[in-house]
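Okay, structure first, notes after.
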Amino acid sequence: MNNIMNVNDKLATFNDNFSDSADLTEVAGRSLWQDARIRLMRNKAAVVSMIILSIITLMAIFAPWLSSHPFDEVYWDFIQVPPNAAEGFWFGTDENGRDLFVRTLYGARVSLMVGLVATTMSLVIGVVYGAVAGYMGGRIDNIMMRFVDILYSLPFMFFVIILMVIFGRNIYLIFVALGAVEWLTMARIVRGQTLAVKKKEFVEAAHASGVSTTKIIFRHIIPNILGPVIVYMTLTIPQVILTESFLSFLGLGVQEPLTSWGVLISEGAKVMESAPWMLAFPATFLAITLFCFNFIGDGLRDALDPKDR
Amino acid sequence: MNENSIILEVKNLNTRFDTPDGEVAAANEISFTLKKGESLGVVGESGSGKTQIFMALMGLLAKNGKTTGEAIFKGQNILGLPVKELNKVRGVSLSMIFQDPMTSLNPYLKVSRQMTEVLIEHQGMSQKKALERSIEMLELVGIPEARKRVHMYPHEFSGGMRQRVMIAIALLCEPDLLIADEPTTALDVTIQAQILDLLHDLKDKLGMSIVMITHDLGVIASMCDHVMVMYGGRVVETGSVQALFSDAKHPYTRGLLQSMPRIDGDHNEDLYAIPGQPPNLQALPQGCAFQPRCQYATNLCQQERPQTTEFDAGRTASCHQLSSAFHASSPVKNNPVNVVEGVL
Amino acid sequence: MFSYILKRLLTAIPTLLIIITIAFFMMRIAPGGPFDQERQLPPEIEANILKAYDLDKPVHEQYFIYLGKLLQFDFGPSYKFRDFSVTELILSGLPASFQIGGLAILLATFIGIGLGTLAALYQNQKTDYAIMGVAMTGIAVPNFVAAPILSLVFGVYLAWLPVAGWGDGAARNLVLPVISLALPQIAYIARLTRGSMIEVLHSNYIRTARAKGIRERLVVICHAIKGALLPVVSYLGPAVAAVTTGSVVIESIYDIPGVGRYFVNAALNRDYPLVMGVVIFYATLILLMNLIVDVVYSFLDPKLRVSG
């Protein structure tokens, strides 16, 4: 699965020294990103994951049109019935007689939305914070990173739970809380990368030839730290989705009549003996989504950072 | 074994790497022999395949690497030997030291441990005896306060000292052949000379053969009896140091010699540089691999790969233009004999 | 070494103080006092009660009183369980929580490292794919999904093990909670071990060890494992944090009388002092674990040992 590797890197790793990989790449005339894309496309698990995720996303977006049942309508004649294609209850109904198929898709909306928004938030905070710390260096860097270290050792999950308890269970709060938790690692990664790139010859060369700082940051530094950032972002999304489901499972996340996979799983777990489908469908959707994001993240990492893993 | 006995004979060795972009031939049809007590210099650009030949001998190729051919070391073919059998040879009669002494020692183990384990494994020595022997060896390679330093971790040594430790480890079982893969490339110039001197001394003292892999002709001139020049995964020229430096036949060898700076040269003249890029092993040019960079290239060079010809005793070269006019008439402008003498 | 531990201990104190401070003031911001939900009390009785709990004093004074009591491991009264203090509740939950949490960490560490090493040694072969497939499942199937499924399969369908319950810590009752708690961590540790082991096995010093003709088994055991385990050791801090968080839901799924279950109930009942008490308790635990991990790490890495 991870056998994607460019010959140049392989030779560089086991051969004489690293300069020849640069030379060979130049001759081959492919950019780093093109190389990465080719490697990613060779990774079957990642490609299949991307396809599946696209399907789930499309299903989530078009949920209202995919089922004849509204997500909050109660069918008194169909309380907790198993999957029933004739009536259009493809995933069965829950204990309140609501269509599980459309509710699972609405759960997907919440999960994907949380994943996207909270990750974007963590991305923005983390990249700005990390880039500033890394680029400024010295004392400022020291203080900023010490602050991150302290935050790191806080048991954030518990604070998020307290937040949810005290300030009500509202979805926007989840976005903010999870985004605020996840930016720490991003900041560390960005800072480390910025520090490394800053010392590279091409940045020094740009400095020496009088290129402006803004231009250096946007033309030289950001493109070169993008790889790890994208990889980490892809791995943050499932993390956030998982955390939201965890909170919802505990009853601290999304509230009725809206739903999320965590809520559905929690409801399903309570009646799993009599109505296993109520657990099976949302759990499967959650697991598949997490699978896909992780496979894509791994694939991206292997594609952008080709060590033989 | 008499003085002139052959210690290593490599026949038609090929090394291939399987990669997603196709198979890469790192070394092709390599054949050479090495006599006891002699030293061979292997020279070539990065990626010319010079290291991979010896990684193959040591069984150290990456997992996707394959080797065919034969390498008779002390009467035994060591290519494709199972690891268990190979371990009776590696570190015992055949040792190797590497380019980067900073990362070649295990940072988590004391030097004593990294040395004694060799003696315990191969010679069944007791811990105490092995430690004594290790200290002796460290003293031999010029580590001051060896008795104290043997109990330190690698990061407490400087780069040059680490390379000395590497050499000490390699020599613990008094090997018949030491392969040195660019042992001085990562070191400061002053340290480089010290390490080369050390190797030179040890070679005489222990009577072992040395293979010196390098891209530095100066190193070869000062250390080796024979030279093997590699380009694009093939041997392009061989010969004794004297013969090859004074009368290089292959245009690539000539280019290498000309591109060496000389103290007594004309300082107003530009230093010669071989035009073009080192070859991409995945997409070697048709015909002779050097042909795109060669000023003497003809149609024939572009179509057919030249055969290796032995044109003199112990001298071979792979070039279509061997017999043509330029070799006979035009001596290398930057007469390399002076280079050799200058370095020696 | 000693000075290093001392230094780390000293840096842990401000962190702990920050945690306590945030927790305290969040509790003050939280709507509803301890006795609001009850029917209207006569003013003088209410004043007495407030006084008994020091709620009549200014906030900063309350803060210092709270700190002082914390030093004596007194987390204050619980709103919900009137007859118990938070400290008593936490103490009563400790044995169960420590048992399943500790066992889960042990299980995760040993199995994770074993599987990861195996996968690395058979990199890109069937063994590797199988182990990494299982590991990916462990990551993609959250423990609040795995727990009910395990309980359904082994408790209900096969009836080999109890569906839930503590049974005074009988081994039968421990199996499923410990496994559900350990699964994701086994997966993470296995992936981590595999990655770092592969990196180490490709490192120059392993090449040197092989060139020395050392047996492959010794190369792995003596030369590779130490370097490969460093990232795993530093992951143990976060692992403990994850297991603690996980135990919150696992304990409620399996109905285990641990600290975690109290936490969920307290959160749902808005029993603020209990929530805060548990958070402070867990935070201290995690900080302590991080400290231990750092010390162990510096002990394993000779470069740190000398300079530290």
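As written, the chain order gives the labels A, B and C, with residue 1 at the start of each chain.
Note that in this section contacts are C-beta pairs under 8 Å (C-beta built on N, C-alpha and C of every residue); 3 or more make two chains touch, one makes a residue touch a chain.
Keep in mind the model is a prediction, meaning the values are calculated, not measured.
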item: Innermost chain, where centres are averages of C-alpha coordinates; value: A
item: Which two chains share the largest set of C-beta contact pairs; value: A-C
item: Longest centre-to-centre distance from subunit B, chain (CA-based); value: C
item: Where subunit A and subunit B are represented by their mean Cα positions, the distance between them in whole Å; value: 48
item: For subunit A paired with subunit C, centre-to-centre distance based on mean C-alpha positions, whole Å; value: 23
item: Averaged-CA centre spacing for the pair subunit C and subunit B, given as whole angstrom; value: 54
item: Overlap residues in subunit B, where contacts from two or more other chains coincide; value: 62
item: Subunit C: positions in contact with at least two other chains; value: 123-124, 202
item: In subunit A, residues with contacts to at least two other chains; value: 3, 13, 308
item: Complex interface listing, subunit B residues touching subunit C; value: 58-60, 62-63, 83-84, 86-92, 95-96, 98, 100, 103-109, 117-118, 121-122, 153, 155-156, 166, 169-170
item: Subunit C residues touching subunit A - in the complex, by the definition given at the top; value: 12, 14-15, 18-19, 22-23, 26, 29-31, 123-124, 129, 132, 136-137, 139-142, 144-145, 147-149, 152, 156, 194-195, 198-199, 202, 241, 244-245, 248-249, 252-253, 263-264, 267-268, 270, 272, 275-276, 278-279, 282-283, 286-287, 290
item: Complex interface listing, subunit A residues touching subunit C; value: 1-3, 13, 150, 153-155, 157-159, 161-166, 238, 242, 245-246, 249-252, 262, 265-266, 268-269, 272-273, 276, 279, 283, 286-288, 290-291, 294-295, 307-309
item: Subunit B partner contacts - residues on subunit C that touch it in the complex; value: 123-124, 202-216, 218, 222-223, 226-227, 300-303, 306
